[in-house]
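My questions will all concern the structure given below.
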Amino acid sequence: MFLHKKELQFEAKPEKSDPLLAKQIQELIGGQFGEMSVMMQYLFQGWSVRGEGNQKYKDLILDIATEEIGHVEMLVTLVARLLDKAPVEDQEAAAKMPVIGAALSGMNPQHAIVSGLGARPADSVGNPWQGSYIISSGNLLADFRANLNAESQGRLQACRVYEMTTDQGVKDLLSVLIARDSYHQNMWAAAIAELEEKEGLLVPSTFPREKERLDLAYSLYNHSEGEYSSEGSWANGQALDGQGELRYESTPPVEGSIPMLKAAPPSTHNTLPADKDKSMM
Amino acid sequence: MFLHKKELQFEAKPEKSDPLLAKQIQELIGGQFGEMSVMMQYLFQGWSVRGEGNQKYKDLILDIATEEIGHVEMLVTLVARLLDKAPVEDQEAAAKMPVIGAALSGMNPQHAIVSGLGARPADSVGNPWQGSYIISSGNLLADFRANLNAESQGRLQACRVYEMTTDQGVKDLLSVLIARDSYHQNMWAAAIAELEEKEGLLVPSTFPREKERLDLAYSLYNHSEGEYSSEGSWANGQALDGQGELRYESTPPVEGSIPMLKAAPPSTHNTLPADKDKSMM
Amino acid sequence: MFLHKKELQFEAKPEKSDPLLAKQIQELIGGQFGEMSVMMQYLFQGWSVRGEGNQKYKDLILDIATEEIGHVEMLVTLVARLLDKAPVEDQEAAAKMPVIGAALSGMNPQHAIVSGLGARPADSVGNPWQGSYIISSGNLLADFRANLNAESQGRLQACRVYEMTTDQGVKDLLSVLIARDSYHQNMWAAAIAELEEKEGLLVPSTFPREKERLDLAYSLYNHSEGEYSSEGSWANGQALDGQGELRYESTPPVEGSIPMLKAAPPSTHNTLPADKDKSMM
Amino acid sequence: MFLHKKELQFEAKPEKSDPLLAKQIQELIGGQFGEMSVMMQYLFQGWSVRGEGNQKYKDLILDIATEEIGHVEMLVTLVARLLDKAPVEDQEAAAKMPVIGAALSGMNPQHAIVSGLGARPADSVGNPWQGSYIISSGNLLADFRANLNAESQGRLQACRVYEMTTDQGVKDLLSVLIARDSYHQNMWAAAIAELEEKEGLLVPSTFPREKERLDLAYSLYNHSEGEYSSEGSWANGQALDGQGELRYESTPPVEGSIPMLKAAPPSTHNTLPADKDKSMM
Amino acid sequence: MFLHKKELQFEAKPEKSDPLLAKQIQELIGGQFGEMSVMMQYLFQGWSVRGEGNQKYKDLILDIATEEIGHVEMLVTLVARLLDKAPVEDQEAAAKMPVIGAALSGMNPQHAIVSGLGARPADSVGNPWQGSYIISSGNLLADFRANLNAESQGRLQACRVYEMTTDQGVKDLLSVLIARDSYHQNMWAAAIAELEEKEGLLVPSTFPREKERLDLAYSLYNHSEGEYSSEGSWANGQALDGQGELRYESTPPVEGSIPMLKAAPPSTHNTLPADKDKSMM
Amino acid sequence: MFLHKKELQFEAKPEKSDPLLAKQIQELIGGQFGEMSVMMQYLFQGWSVRGEGNQKYKDLILDIATEEIGHVEMLVTLVARLLDKAPVEDQEAAAKMPVIGAALSGMNPQHAIVSGLGARPADSVGNPWQGSYIISSGNLLADFRANLNAESQGRLQACRVYEMTTDQGVKDLLSVLIARDSYHQNMWAAAIAELEEKEGLLVPSTFPREKERLDLAYSLYNHSEGEYSSEGSWANGQALDGQGELRYESTPPVEGSIPMLKAAPPSTHNTLPADKDKSMM
C-alpha cells in the first residue's frame, strides 16, 4: 500500500521552456531504461520475492521502487515546464525563424496534440513504454544483474542528456538523478557480491552442473577470422566461477549433422517435396 | 560478411514430437532473453565498437554473436521436429483423449495455421520478437553488464525448461546451451572485471563526479516502513566504487516544493483553471 | 514523492493454487483496463494538472492513483499464490490427468519459464502492458470521461472473473476491487457533472462554435439500409448540449467531389500514370 | 456488406502542400483517438451486438462506423495532397533554407521512403495503429462511455490541429470533422442517458450488489497529504447511483497483513531463501 | 464514402459453438494475413493511387477493399456464434471433463473477460492487429506483388483451418473465402502481368540501371558450403528481366575492407579506446 | 552454423557525417522491408524447409539469408559513420544555424542518447524491428511471392533514399544493394516460375478445388459506383490459372441474411436485450 507526499523530492525547474529538450528527456521517462522501467521492474521484483529468509531483499527492492515513482514524477513535471511555451500556433511564422523553426519541426507533435503540453508515457521517438522492458525472474542474483545493468544504462543516458543542454535547472535535476544512479550501482553491486559469495558466479546456482555438458563450458569458440579475441582474460587461466580452466578454440567444434526435416502432413498444404519424398511415408 | 556451414553445431533431435513443448521452447528462441536476442544484441554491439584500441572486444563480441546465430538455428530445427505430429486434423476426436486434448488446446495455433509446423520468431505466448529487447549503448562496460544479465536470465530459463521435460533429445541440446551460457557468464564476468579495473565501478566512468550531487550518491533512502533493508552491505561501510561511505537514511530527504504548473495557453483547449488563474497572465 | 506501507490494503489469499485462474487474472493486472492502466493513467493525469485553480482535481486524481498502485500490489500477490503449485515438472505424467492436464496446457508458460511463478506485467494472453493504453490530455472533462470508461470496463471485467471462479479467497479480493470500482464510477461521474455544469457538454468547451460547421453538428446520417437508428433519443428533440435540435437524415449528404491525386514526382519512383498524365506537368 | 461511393463526403483540399502538417495530421488518422480507431471500434461493437431487442443500437453503431470509414478516406486524401511537394530531393540545398529545412528535418521520413507521399496507418510520431486501441466489451453502457470519451479526445485533438495551421482548406475539413464530433458527443450522451435511466449508473448493472463489499463502495480514501480532494461533490452527499452516501476518509483503511510468499519449488531455480526457509517444507 | 447493407454477403452459421475454433479463426480476422489486413491494405492503397491514368487500378483496388470489409464482418459474426456456449462459469466442474476441459484451458480468455463473447481485433494468440502489417508504397507493381502474396498466405491459412474442423457451417463460409482468395490471386496475377509487360520485371522500373552496380546484378553468391543452389533456373541462362545472363559464383566477392570506426566524442561517454586511440585526434 | 569474415563485403564509407541521413537509412536496416527483415525471413524459411526433395531450395534460401546478414552489417557501419559528428552538444548554439539546426532537430535522439552514435534495430521513425514483419509459412510458392514482394519494396526504398542524398559514398553502397535487389527479384521470379509450372498458379495447389465455391472463384464484384475496374485483364477472358473464365458482376451477390446474435449468458454481464429477448431462452 502506498502514500503520496505532495512535495517533489527534488526541484524540477528548468530555466526556460525548450520543447526539443522535452522530447529528448522523454527517453529518461519512458525509454527502455527510463524511470518508468526501473520503477515497474523494482515493484514487480519486490512484490514477487518469495521466502521468509529473503525479506531484507524485498524491503530493499521496494524502497528503491518507491523512490523511483518519485523520479518519474520529477521528470514528468520537468517536461511539462519545458513545454510551457511550445510553438503550437502560428506555425507558418515560426518556421521562418531558425531557432523556433527547429523547435517546431523537431518537437514531439504528440506533446501538442495528444497530451496538451504534458509528458507522455513514451520514449524520445514516441514509442510507448511497455511491460516487456522489465525483468523479474524470481532469481535474485539474475535480477540484481539486470538492475545493475539498468542503472548503468540509465546513468549513461542521463549523462548524455546532461551534456546536451546548458539549462542549469535541468542540469540540477539531472545531477541528482545521476547521483542516485551512482548509489544504485554501488548498491546492486554490493547485493550481487553478497549473493555471489553465497551462491557462486553462475546463475542459477542450483542446477546440478553434471547435467550440463561441462566439456563445453569453459571454451571460447572462434567463429570469425582473426584471433584478437584470444588475448583476453576470458580465454586464459582460471574461470571466475573457480570451477574450470578457460580455453580458446581456433576452430569451433561441430557435432551435429546436416538437418533434414520430415515432410509435413498433407493437411498443412505445405510444399510437397519433389518426387514423393520418402520421408513422408 | 558471413558464411554458413550446413551442419548444425550440435544435434537437435527430440525423441518424439510434442507440440506443447514446442510452444514452451519458443521462449528460448524469440523471448526477451531467447537466442534471437543475444544474437542480435551481440551483432549490433560488435558492429558498433569504435576505436582501434577496442578491437579485441569487437572480435570477442562478434565471435559470440556468430555462435548465437547457430543457436537459433538449432532451436528452430528442434521446434520443427517437436511439431512433426501435431494434432492439426480431426480435432473433435482428439479433444476426447486427455493427452491429445491437452496438446490440441495448449499448442500454439500459429504453429499449425501460420508457419506450417515451423518455429515462429516469437516467444512462448506468441509475442513477436522485437528490437526493443536488445541493448547496444556504445559503452562497453554498460553493455557487458547487459550481456551478463542476458546470459543469466537465458541460462535460468533453459534450466527451467530442462526440468519441464523428460525427452532426452531435448535435454541433450539444452545441456549444450546451458554449458555455453555458463561459459558466456564466465566470459562477460571476466571482461567486466577487466574494464572495472581500468575504469572503476560506475558507468560511465568519464562523467566528472563533481557534476553530480555527491552528497546524495552514497545513501539508501528508506521509502517504506520497516528497516530490514538497513542490514545489508549496501547500507554500511565503504562503497564498492572505493569513493564513498555508505549510509542508511530512515527518512528520505525532501528538497523540492509542491509543484504548481502554469496554465496552458488557450490554443491547447486544456481545462481552464477556475477563476482566471493568475499563473496564466 | 511516495512512501510504501508493508501491509496489503486488503487480503489477497486464494484458497488454493490455480494456474489457469492466475493466467486469467493477468487481465486485471496488465490488460488494457487492468490496474496498471488506471494506476499509470491517474499518475500521468495528476502530475500534469495545470493551474492553481485545479488543485482539488490534482489532489483527487493523485489520491486515486496512489490507491491503484496498491491494487496492482494485491493482484500481483494473488497471482503469485495462485501459482504456488503450478505443474512445472513431470509434464508427461500430468498430461494424463484431465484437471492437471488442463492446467498444464492452459497455463501461461511465461509464469513458469520467465517469472518463476510470479505475476507478469501483461494481460491474460501475454501481451505486455503498454503506455498507449493510457489517456492524459490536459483537458479534465475529456479525461474524466476516459476515467469513467476505465472504471466501467474494469468493473465489468472483475465481475466476469468473479463468475468464473469458486475460490472464496479470490472472490473476497474481487469483491473489494468491484466495490472500489463502484465508488470510482460514482466519483468520476460526480466530477464530470461538476465540470459539465460549468463548461457544457461538448469537449473542448473553449473552441468557438462558429468555427465548426454548425449545420452538420446535430444530424444523424443513415449510412446503412434500415431505419432502426432513427428511433432513439439521439435523433429527435433537443440535444443534451442545449444548443441544437437533433435531426435524422435518411440519406447522408455528399459535398465532396471524386478525389484525383496529382502524380508524384519521378524521384519517388511511384507508378507513372498511363500516357504521360497531364497532372504531372 | 459494404458499398463505396466515389465522392468524398466532404472536400479535402489544402491550399498548399505542407509536409510538417501532414505528419501532424497523421495523429487524426492513426493515433489512439484517430479516425481509424473510431471506425474499427464502432465496426467491432456493431457487429457484436447481441439480442433482438438491441437492434436499434446495432443500427446506430454501424451507421456511425460506416460514416467513419469515410472520415479516414478524407484525411488520407488530405495528407496525400499536403505531401505533393515534399522536399524529397536535393536535401543539402534544402537544409540551407530555414522554412524548407524545417520541413525537411521535421517531416516523417516514411512519407518519402515507405509510402511514396501517401498517408500511413500510423500516428504523428510513427507508431502504427493497433487493435489494442479499440474497445468492444459486449456491454453497451460501458462501450458508449468509451465512445463518448473517444469523441471527446478526438474533437479535442482536431481543435488543437485547427489552431496549428492557417491553411483554409485544412481548416474547412477540420470544421466538418469537429462538427461531426460534436454530434457524436451529443449522440453517445443521449444513448448513455437512455441506458442509465434503465440500468442505473453502475456498469455492469446486473452484478448483485450484495456480492461486493458495499461498506467500501462510497468512500474516498485520502492516499496523500493534504485534503483538497475532500471538497468535491465526489466526497459528500448522495452518490449519483442513488444507493449510498459519499464519505471522505482521511486515513485509508488497512485490512491486509504483510504478505509473505512461500518459497518456490526447486525446479524453478528461484533464489533459495536463506537458512532453509521453513515456508518451503 | 461508404454505405452498409444489413445482410451478410454470405452466411456465417456454425453448426455448434466451439470456443477453441473461435480462437483459431481469430488468425483469419486479425492475423498478419487476416481479413483486417487486406481490408486496410487495399483501402490505403486505393485512396493513395495518384494520376488520372491510374483510375482503373484505383477503382479495382477499392472494389476489393470494400468487399473485404464484408469479409471481416462475416468472420466476426462467425466467431461470436462459435462462442455462444463458451464455458465461462463453473470452471472447476468443467475442468474435470476432457472435452470441456480442453475448451476451457485452450480458449482465449479475452473472449470471456474482455469482449463478452465477441471477436477481438487480434490474431489466434492474442496479438492485436497492427498497422505495420499493411503495405502501400505508391508503386503499383510492388504493391500488387504484396497483394498476390497476401492472398496466397491468406488462402493457405484458410485451407489449414478448413482441415482443422468438421463443422459444416464453418466449412461453408471458408469455402466461400477460399474461392474469393482464388479469384483475388488470379486477379492480382493478371494485373501484375499487365504492369510487367509495360514496365518490365524490376521494381521500380524507373530507376536508371546504369546507376546500380550492373556487374553485381545477375549473380548468385554461394554463402554456404554445398552447391545445391547452383542447379536452379535462378543461376543459369537468361534472367527473366531479359537484360542479363545469370551466373553462379562459388565464392562470394569481397570488395570491402575491415571496418574501423572512429572513436566517439567524449560527450557520448562511450568506452574510450585503449591508449588514447589515434583515431580520436 | 555460421562463420564471420572481418571484411565488409562492400565498402560503407560516406563522404561526410550526416545525422539526418543516418535517421533515414534506418528504414533500410530495421524497417518493415529493411535488411533485418529479409535476413530473418530467409533464415526462418531456410531452417524450416521440409523434405529431402526440397534441398536445393533450402540451400538457395540460406545462401541469400547469409548474404543479407552482411547487408545489415554494411548499413550499420554506414550509419555509425554518418553519425560521427552529430551535434550532440551545444544545442543552443547549434539551433541558431539553419543547417545544423535542421540536423539537430531532425536527427533521431536515440542515436545520441541510447546507442552512443551507433545504429538502432529500428526504422526511420524509431519503431523497433519486430518478428511480425517476417513471413515463413512452410509453403514455398507462397513464401517466394513474399520474397519477391520484399525485394521489390526493398529496392524501391533504396532507390528513394538514393535520390535523397548527394553523398557519393552512400550512393556507392546503395548502388550495390540496389543491384543485389535486382538479382534477388530475378531470382525469386525464376523460382516462382519453376514452382508455378509444377503446381499451378493458386496457392496452395493441394487443396481440392471442389471444396471451394467454384461458382464464386472467377468473378470481380463491383462494390463501388463506376465501372472503371471492368476494363482490365482481370475481368475478361481466361484466368491465368487456366481453369476458369473471368467475369465482371456489376452488382455483388448477396446470399446471407441479416445476422442476429443470441443474447449472451447472464454471467458475462453483457447488456441485456430489451424486454427479455426470446433468443435468450
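In this document, chain identifiers A, B, C, D, E and F correspond to the written order of the chains, with residue numbering beginning at 1 in each.
Criterion: a residue touches a chain if its C-beta (ideal position, glycine included) is under 8 Å from a C-beta of that chain, and two chains touch if they have at least 3 such contacts.
Chain labels with UniProt names: A, B, C, D, E, F = Manganese catalase.
Please read all numbers here as calculations on a predicted model, not as lab measurements.
Engineer: Could you work out how many touching-chain steps separate subunit A (Manganese catalase) from subunit C (Manganese catalase) at minimum?
Structural biologist: 1
Engineer: For subunit D (Manganese catalase) and subunit F (Manganese catalase), which third chains touch each of them?
Structural biologist: The shared contacts of subunit D (Manganese catalase) and subunit F (Manganese catalase), listed by label, come to A, B, C, E.
Engineer: List the centre-to-centre spacing of subunit B (Manganese catalase) and subunit E (Manganese catalase) in whole Å, with centres computed as mean CA coordinates.
Structural biologist: Taking the mean C-alpha position of each chain, the two centres sit 28 Å apart.
Engineer: Indicate the whole-number Å distance between the mean C-alpha point of subunit C (Manganese catalase) and the mean C-alpha point of subunit D (Manganese catalase).
Structural biologist: Their C-alpha centroids are separated by 8 Å.
Engineer: For subunit A (Manganese catalase) and subunit E (Manganese catalase), what's the span in angstrom between their mean Cα positions?
Structural biologist: Inter-chain centre distance comes to 31 Å.
Engineer: Counting only residues that touch at least 2 other chains, which ones in subunit B (Manganese catalase) make the list?
Structural biologist: Expected reply: 1-9, 32, 47-48, 50, 55, 59, 62-63, 65-67, 77, 80, 88-89, 98, 101-102, 105-106, 112, 114, 116-117, 122, 125-128, 130, 132, 137-139, 141, 156, 159-160, 163-164, 204, 207, 223-224, 226, 252, 254, 256, 259, 261-262, 264, 267-270.
Engineer: Report the topology of the inter-chain touch graph, choosing from line, ring, star, complete and other.
Structural biologist: complete
Engineer: Within the complex, which stretch of subunit C (Manganese catalase) touches subunit D (Manganese catalase)?
Structural biologist: Its residues touching subunit D (Manganese catalase) are 5-12, 32, 55-56, 58-60, 62-67, 74, 77, 80-81, 84, 88-89, 112, 116-117, 127, 130, 132-133, 135, 137, 139, 141-142, 145-146, 148-149, 152-153, 155-156, 159, 162, 171, 175-176, 178-180, 182-183, 185-191, 193-194, 201-204, 207, 209, 211-224, 226-229, 231-234, 239-241, 244, 246, 252-259, 261-262, 264-265, 267-270.
Engineer: For subunit F (Manganese catalase), which residues count as touching subunit C (Manganese catalase) in their complex?
Structural biologist: It is residues 156, 159-160, 163-164, 267-269 of subunit F (Manganese catalase) that touch subunit C (Manganese catalase).
Engineer: Per the contact definition, I'd like the list of subunit F (Manganese catalase) residues that touch subunit D (Manganese catalase) in the complex.
Structural biologist: 20-21, 23-24, 27, 31-32, 98-99, 101-103, 105-107, 123-127, 156-157, 160-161, 163-166, 223-226, 252, 254, 256, 259-264, 266, 268-275, 277-280
Engineer: Subunit F (Manganese catalase) touches which residues of subunit D (Manganese catalase) in the complex?
Structural biologist: Where subunit D (Manganese catalase) meets subunit F (Manganese catalase), its residues are 1-6, 47-55, 88-92, 95-98, 101-102, 104-106, 108-110, 112-114, 116, 122, 125-128, 137-141, 195, 204, 206-207.
Engineer: Taking the touch rule as given, give the residues of subunit C (Manganese catalase) at its contact with subunit A (Manganese catalase) in the complex, in rising order.
Structural biologist: Per the stated touch rule, the residues are 1-9, 30, 36, 40, 43-44, 47-48, 50, 62-63, 65-67, 69-70, 72-73, 76-77, 80, 114-122, 128-132, 134, 136-139.
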